[in-house]
Structure formats: C-alpha cells, structure tokens
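Common to both upcoming complexes is chain A, partnered first by chain B, then by chain C.
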Partner chain A sequence: MRRFKHHVFRFATGACVVLACGVLVLIVLAIAMRGLPAISWQFFTEQIRLVGADGGIFYNLVGTFILIGTAFIVSAPIAVGLALVHGVYLRERRHRERLTLLLYLLNGVPSILFGLLGLIVFVKFFGLGKSWLSGGVLLGMLILPTVTIALIERIASLPGKYVEAAAGLGLTQSQIIWSVILPQSLSGLVTGSLLGLAHAAGETAPIMFTATIFAGATFPHAIKESPVLSLPYHIFILAQDSFDPAVGAKLWGTALTLLGLVLLLSLVALPLRLKIHEEAHHG
Partner chain B sequence: MAESTDPFLGAKGVASHSTDVRFVLETRGLTVRAGGRDLLRAVNLSIAPQQVFGIIGPSGAGKSTLLKCLNRLIELTPGLRVSGDVRFHQESIYAANMDVDSLRARIGILFQQPVVFPKSILQNVIFGTRHLGKVPRKEWPDVAERALREAALWDEVKDRLRESALLLSVGQQQRLCLARTLAVDPEVILMDEPTSALDPKSTEAIEELILQFKQRRTIVLVTHNLAQARRVTDHVACIAVHDGAGQLIDCAPGDELLGDAQGDEVTAYFESRKRSKPEP
Partner chain C sequence: MTTVAPAARSLAGNLPRRRWSATRSLSYGFSALAAGFVVVLAVLFVWQSIPAWRHEGLGFLPGKKWFYPQEQFGALAMIYGTVIVSLIALLLAAPIGIGAAIFSAEFIPRRLQLAVKVLIELLAGIPSVVYGLLGILFLRDWIYRALTPFDPLSGDTLLTAGILLAVMILPTVMTLCDDALRGVPSAQRQAARGLGLTQTEVVLSVCLPQAARGMVAAVLLALGRALGEAIAVFLVVGRQDNQWPANPFSLRPLIESGQTLTSKLASSETNIAYGDPLHWAAIVGLGLVLLAMTVTVTLVGTQLMRPREGHA
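Coming up: the complex of A and B.
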C-alpha cells in the first residue's frame, strides 16, 4: 500500500511537470504556426502600412528596445543602491526583512496602476505628454523588485571571507564595496535585469497611456510629446481588429517576434544563473 | 618598516620602533559577549615587539575571537559586544576617534583557510596596496615582487603572475595571502591557525617565515599545535574555558610554559592533547 501511494505521488508530481511543459509548448506552437508565415526580412525592416494590414514592425521593435533600454538604465543603479542598503548598511535582520517586504509589495502592484500613476505624474504633472521616457521609467519601476531581489540574493551568497580579508588589509567599507562586493555580484545584476526586461518587454498596461501609440511614430526626436511604437501595444490593437485575415497574419507575426525576444532574454539569463550557483559551491 | 605617516600614530608610531616602549599591543579586561554569554572574559595580555606571541588552547576557547579583537575585525561578526580595552602603542583602538581602516592596515591578519580573490596572482598580491591608494601605480610591480620574495613565493610564481591565483596549491595560496598582507607592510601580523589546513612541508615553510618576520614585525600566532608553539613562539598565552567563558589561564615565556606545565587547566589540556594525538 505504501509503495502504491509512493507511485501515485510520483506520477502526480510528474504530471505537473508535463502540464507546465505542455502549456509552454502549446503557446509556442500555436503562435509559431500562425506567426511563421508572416515572418520575413521585410517584416523586421519595414514600417507599418495600411493600419497594420501591411508592412512590418521595424519601429515597433525600435520602440520596445528604447523602452526596455531606458528601463534598464533607470532600474540598475537604484537596484544596486537598494541591494547595498540591504546587504551592507542594514545591520539588523528585522530592518532587512522590512526592506524585502517592501520590494515584494511593490512587485505585487498591478501594472495597470503603474500606468495610471504614470499618467498622473509624468504625462500630466511633469507635462511630458506621451513620451518614451515616461514609459521607460515606469517599466524600470515595474522591474525594480525583480532586479533588486536577484542582486540581494547574489550579495547574500558572497562568501563573508572575502569581505573579512579585504577589511583585514585595511580597506574602507566603500573600498570593499567597489573592489569586492560590486564586481562579484555583477552577474546577479545582469541576470536579474534580463529576467526583469523579459517581463517588461511584454507589458502593455504601463505604457499604453504614457508612452506608446499605434502608428505614426519613428525614432523619438525629443523627450516631451515623443511617443514610440511598441510590440505589445501593436498586438493589443491588432487583436481587436483580427477578423481581417491580413491583419491577423501581422498580429501573429508580431506575437511570435515578442515571444522570441522574451524567450531569448530569459535563455541568456539562465546559463548566467547556473554559473552563479557553480561559483557559490566552489567559492 | 616604513616610517609611519598614519595620523593616529604620528610621532609616537615612529618612536615605537625603538625600544623605549615595552609593549606593542595590550589588552585590559577584554571581554566579548554574545547574547547573555561571555565568549571571552577579562583577558589581560601584553605583547612585546619583534617577537612571536603564541595563543594556545582547546577548540572553542575563544582564541580566534581574541585575535580578531586585536584589529577590530571582530566587528564584522554581528551580535557580539566587546568591552574592556585593547591598546596599540598605548592608544586605545576602541576609542571613538580611532581610524579603524588604517589600524587594520598596520595590524594585518592571516586566516586559517587561505582567502584568495578570484583574480590573478599579481592582482591578489597588490589588492590591498592598490585599493589603499598610498603607493603610485608604477611601483606596484616592485611592491608585488618584494612581498612575494618576503613570503618565499617569488621563485614559484614569477613566470605566471597573470594566471589565476585559484590554480595555486593550498600551501601556495596561504603564502600568497601572506604576501598580500606583507605588501601593505603591517607592523603586526595576526595569524589564526595559519597552518592547520596545510601539509607538513607547507607548514614548515610558513614556520620558517614566521621566524624570519620577527626581526622586523610582531607576530601573534593562534595555534592548537603545541609542537608548533614550542618551535616558533617566544611568549605563550593559554586560553581555556573556565566558568563558562574563555579566560586567560597562563601567560609566560614559551619554554617556561611549554617546558614545565603548571596549573590544573594547562596540565589537563596537555594531557588531553597527548591522549588524543601524540606529539610528533
């Protein structure tokens, strides 16, 4: 009887793995089958024509890269600062736990609320209008918890002996931060940022009121009133119009592109993360 | 030893290299508490310059804790409270105006396990020198060579200074750590069982170096190897747990204490050592 239970349990857990893989495979297959016919060199290099029924997504790709690039530049230094506060300056455990709780709370804020916040603060209060900068900053805030927590975990896993050795040579705390802690936790910043950016690249809600439009934008020419096109918003608009077969093909092509971009960012992050675990064991 | 320019030592630091000051380091009523428990209680030590001062005692008696109090490295361990005093050239190192970082550059430390950074051999040797920023960049290679020669490692690594330090043997890594400490030119070197992770040959190499160093530096050596204490120390302090806290049991010139054991604790300690592990 006990052996039977054991086998049932193993089967059930195995089924969970199959389910998870199945969902991923289904999404990839469904999107790839519909999207592949639309993919061509011109699709990536031409701009949108005929309200999405023809042409390509060049400026949507450009816009998405500008948005996530800005999100990286905004989130990375703040994440480093927060992780140093957590790992170096806060000496009491309960203060560190409060900071972690704050990050998880921030992580739980629905992205549509980030969009509304951006509308009030950047678009209206700072008068930026729809601007790539507003969207980039909002996405940066959205991924800040992900990046910070990856960095915090990396700093926490640094062997204390390195800090002790550096302190024993007479280095000041800031010299230790620059010479030991930051160089050795750089991979945590890169991994966390890649995972965060993979998340940010697909977000629609934070940028739809603040940074992105459907058509008519190219490279940003200024900061104020300078929106960009983007992949997720393109999908959002086309999906409402997808009864037209020509639009449908472009929709799935765009979806496949976004999926490819996000999977690529995650896949680059994975080997880096494994490498970190290896170092932690040998260090 | 370079002439001191450290602000907290000033003229006195220079004077200390002559013989008119009897002790380099002194502890007065040094007590370390963790939670409600004393790890170390009321330890009084006086360490004279240019000698090897040994600290012996059973595991868990607080030898390493005592050592780390001598350059305030103990403060990196959370949850400990240090009271009493430690004086370096008659100045309290726990005083509010003490520059801890300069202090640690003057009182270097070598750990039980070699701690090499995942960098090249050269980068490891000059790690302290370059970040302290007192020596111009063009002199770094000279600093590295001098330190590696002093640690008797130069001949083994001079052709592969750019290789990763992690490729060295454990014995070589420990001498590399010693070279890294020497490159900062400390007056005192604290050593926390520096040979316990090493093979006999590497141990012999480190012991020879210790004996050479005392011409110019003061060594405080924690060891649980009595044979080693006999071979290299001039003065020995024995720390053992007494009334639930690590306390100083005896302190005397090495040949006196180790040749003719006195006092119950020291005897008991020697007896237990002899039973568990015969002396070579």
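Coming up: the complex of A and C.
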C-alpha cells in the first residue's frame, strides 16, 4: 500500500513536470514554426512598409538596442554603488537587510507603474515628450534589482582571504575595492546585466507612453521628442488587429526575433551563472 | 527571473576602515539615486491622486461605476477583475508548479535537475507581449469554442486572462518552490529514509513541512507578478468597464469580459486623462491601489522567504 502511494505520488508530480515543461516548450515551438518563414536578411535590414504588412523591422531592432543600451548605462553604476554599500560599507546586518528589502520592493513594482511614473516625470514634468532617454532610464530602474542582487551575491561569495591578503599588503579600503573586489565581481555585473537586459528587451508597459511609437521613427537625433521604434511595441500594436495574413506573417517573425533576442541574452548569461553557483557552494 | 539572495555575507569585517573616500561617496551617491527613485515613485502616486480622493472620498475604492464623462470614478469593478484574474492564475499555476517542483527537486538525478531548472528559468523570460500574442491568436478561440454551451459573447474573458497568466507565472512558482525544497538539508532526507520511510513519505513528512514557508513565499511572489501584469492581460481580457456582478459569488462573470487595474492603466484612457486633473488623479489613484496591493504581497512574500532566526 505504501509503495503504491509512492508510485501514485511520483506519477502525479511527474505529470506536473511534463505538463509545465511541455506547455512552455510548445509555446516556443509554435512561435518558431510560424515565425521562421518570415525571417530573412531583408527582414532585419529593411524598414516597415504598409503598416507592418511588408518590409522589415530594422528600426525596431535599432530602437530596442538603443533602449536596452541606455538601460545598461543607467543601471550598471547604480548597481555597483548599491552592491558596494551593501557588501563593504554597511557594517550592520540590519541595515543591509533594509537595503535588500528596498530592492525586493522595487522588483515587485508592476512595470506599468514605471510607465505611468515616466509619463508624469519625463514626458510631462521635464517636457521631454516621447524620448528614447526616458524609456532607457525607466528600463534601467526596472532591471536595477536583478543586476544589483546578482552583484551582491557575487561580492558575498568572494573568498575572504583575497581581501585579507590585499589588506595585509597595506592597500587602503578604496584600493582594495578597485583592484580586488570590483575586478573579481565583474562576472556578477555581466550576468546580472544580461538577465536584466533580456527582461528589459521584452517589456512593453514602461515604454508605451514614454519612449516608443509604431511607425515613422529612425535614428534619434536629439533627446526631446525623439521616440524610437521597438520590437515589443510593434507586436503589441499589430496583435490588436492582425486579421491581414501578410501582417500575421511579419508579426510572428517579429515575435520570433524578440524571443530569440531574449533567450540569447539569458543563454549567454547561463555559463557564468552556473559558475558563480558552483563557487558559492564549494568556494 | 526572480532572484532571491540568501542573507548575504559582508566583507566589511575584513577591510581596513576609513571615514571618507571618493569611492565611498560615489557609492552612496548612486545608492541615493535608487532610494530617491523609490521615494519619488511612492510620493508621486499619492500626491497626484489626491484630487480623486477629494472628489470621491473613500468611496473611490468601493465605487462600482467608472464613467469619466460624468466624473464618476469607482475602482471596484477593476479591483474585482484584478483579484479574480490573479486568483484563477494562482489556482491553476500553484498546484502544477508545486507538483513539478517536488518531482524535479526530489525524484530526478542531479544532472537532469539542472537541465529542468535551466529550461524553466529560460522560459520564465518569455516577454509578456509574446504571451499576449499567443493569447489573442490561440487561447481566445479555444476558450470561445470550449464555452459555446454557455453562450459567451466573445473569447475575451476574465477566464482567458487568468489561464494566460497561469502559464506566465508557472515558471516563477516552480523555480522558487524548487529552491525552497533544495534548502532542506539532505542529511534529514537520509535520516528519514533510514527510518524506513518511502521517498514519498519523506517528501510529505520531512521536506514539505520544512520548505512550507519558502513555498508560500514563492506563491506570493508569483501572485505579485500576476497582479501587476499589464500587457498580456490587456490583450485578452476584453476591457469592458463596470462589470460588477450582481452576485459576486456566481461563476458567470468569469466567462464575460472585464477590466483589471492594469488593463485600464495600459489603455489609451491614460493618455486622454492627462488633460483633465480629476480624471488624471483617478487614473493615478488606480495605480496607487495597484501599488499598494503588489507592495503588500511582495512584503509578506519576502519576509517569509527569509530564513528563520538561528536557522541560517
């Protein structure tokens, strides 16, 4: 009877794994099968024509890269600052816990509220209109918790003897930070940023009111009133009236491109991430 | 991609101390930017929504009618939509995610475990707009066909949004529950096995009780994600205002269109509203309600996620 119960339980939970992984793999396959026919060199190098029914997504790719590039530039220095304050300067556990709580809270803020905040602050108060810069800054703040927590974990897993050896050589606190801690924890920054950027590349809500339009933008030449095109917003708009089969094909192609970009960024982060985990457990 | 750090160690003790340095000022300066952002976020949502609270009073929350040309602003139907959609998502995703986490943490070899974990974490990164697209092109039609006996008006229903959200939060539930189960020391499993318990009995009587806090936290963090998801829900929920059911406990509203806080905020009404201070305040008020809900859920979730005192 007990063996029987064990088998039933194992079978039931196993079915959950198959179901969960199956659904998610099917999703990727469905997008790949429908998207592949649309993918060609021209698809990446031409601009949109006929409201998305013809042409390619060149400026959407450009826009998305501008946005996540800006997000990286915004989030990296803030993340390094926060991680150093957490790992080096704060001496009381209580204070460090407060800082991580702040990060978790920021992580829990829905992305649409970043969009609303951006609309109030950047678009209206600073009078930027729709601008790539507002979108980049908002995405940067959105991914800040991911980047910072990866960096904090990395710094915390540094062997104490590195720091002790450096201190033994007579280096000052700042010298140790610049010559030991930061170079050694670079992998944390890279991993966190890649994961964060994968997230940022697919976000629609923070940029829809603040940074991106559907058609008619190329390279931005200024900051004020300079929107960009983007992959997620393109999908968002086309998905709402996708009855034209020609649009449909391009739509799936765009979805596959976005999915590929996101998975690529997370995959690149993977080996580094596994290495960090190994070191954290056996270091 | 939810990362939860253990109570991270500090290098502070090993370092020589110094009162002032450029590096230190820079670090604190950048940290102040982050803290400032959070403060501005909270203050702005309260401040900008004041006119709506003045106009409607506390009736803003239980008000059932939202009709901006007549300056009627009640959030209840949208709060209802958000809660129902997230509950459906949770009811579907929690059992499957927990079951899958148990199997992958307890019943399969380590190498395969890693493969499943990597796969799930990759899939956690699928953008919400892609889920929305799949919802619009597949799920909507399936739901419409499945519901034909009940004569639905369309495939855009609260149920559709809930099911879509369930798929979206499944990886979060699974990977965080998996972390919680792996936090249980394997010595305890071996000891229980040594007492003659079957693997299932070990899981049920040793692992699950110890991982329970972490698993509740995992479900709460997933709930936080479901509450705040805007784009995918926007595309399939139907965005029908003022859908407050005559009988809140009937199931009929589930197969009708609805509106959630997030789908309202993502709609073009947000752009329209900016010109009119009262309308704008009402929109920001909805944002404030959403912020309060997600912050509460996240706070409780992260408090549970922390290892208990003396356990770490």
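Assume the second predicted complex is superposed on the first by the 257 of 283 C-alpha atoms of A that agree within 3 Å, B and C clash if a C-alpha of one lies under 4 Å from a C-alpha of the other, contacts with A are read in each partner's own complex, and residues count from 1 in each chain.
By our rule, a residue touches a chain if its C-beta (ideal position, glycine included) is under 8 Å from a C-beta of that chain, and two chains touch if they have at least 3 such contacts.
Remember, it's a predicted structure, so these values are computed and weren't measured experimentally.
When both complexes are overlaid on chain A, the residue A:167 reaches chain B and chain C alike. In the superposition on chain A, no contact is made by A:213 with either chain B or chain C. Residue contacts after overlaying the shared chain place A:53 against neither chain B nor chain C.
Contacts of A:179 after superposition on the shared chain: chain B is touched, whereas chain C is not. By the touch criterion stated above, A:124 is placed in contact with chain C alone, chain B being left untouched. In the superposed model, A:107 makes contact with chain C only, not with chain B. The partner that reaches more residues of chain A, of the two candidates chain B and chain C, is C.
Looking at the shared chain after the overlay, A:91 reaches both chain B and chain C.
In the superposition on chain A, no contact is made by A:32 with either chain B or chain C.
Judged by the document's definition of touching, chain A residues 91, 160, 163-164, 167, 171-172, 178 lie at the interface with chain B and also at the interface with chain C.
Interface residues of chain A facing chain B in the complex, by the touch rule stated above, are 91, 160-172, 175, 178-180, 184, 279, 283. Those residues of chain C that touch chain A in the complex are listed here as 1-5, 7-18, 21-24, 26-31, 33-35, 37-38, 40-41, 44-45, 48, 95-100, 102-104, 107, 114, 116, 118-123, 125-134, 136-138, 167, 170-171, 174, 198-201, 203-204, 221, 224, 227-231, 235, 262, 265-266, 270-271, 274, 283-284, 287, 290-291, 294-295, 297-299, 302, 306. Listing the residues of chain B that touch chain A in their complex gives 71, 73, 76, 78, 101-106, 108-109, 111, 113, 115, 117-118, 127-128, 131-132, 177, 180-181, 184.
Taken in their complex, chain A has these residues touching chain C: 2-3, 5-6, 9-10, 12-17, 19-21, 23-25, 27-28, 30-31, 77-78, 80-82, 84-91, 93, 96-97, 99-102, 104-113, 115-117, 119-121, 124, 141, 144, 146, 149-150, 152-153, 155-156, 158, 160, 163-164, 167, 171-174, 176-178, 181, 195, 198-199, 201-205, 208-209, 232, 235-236, 239-240, 242, 251, 255, 258-259, 262-263, 266-267, 270, 274.
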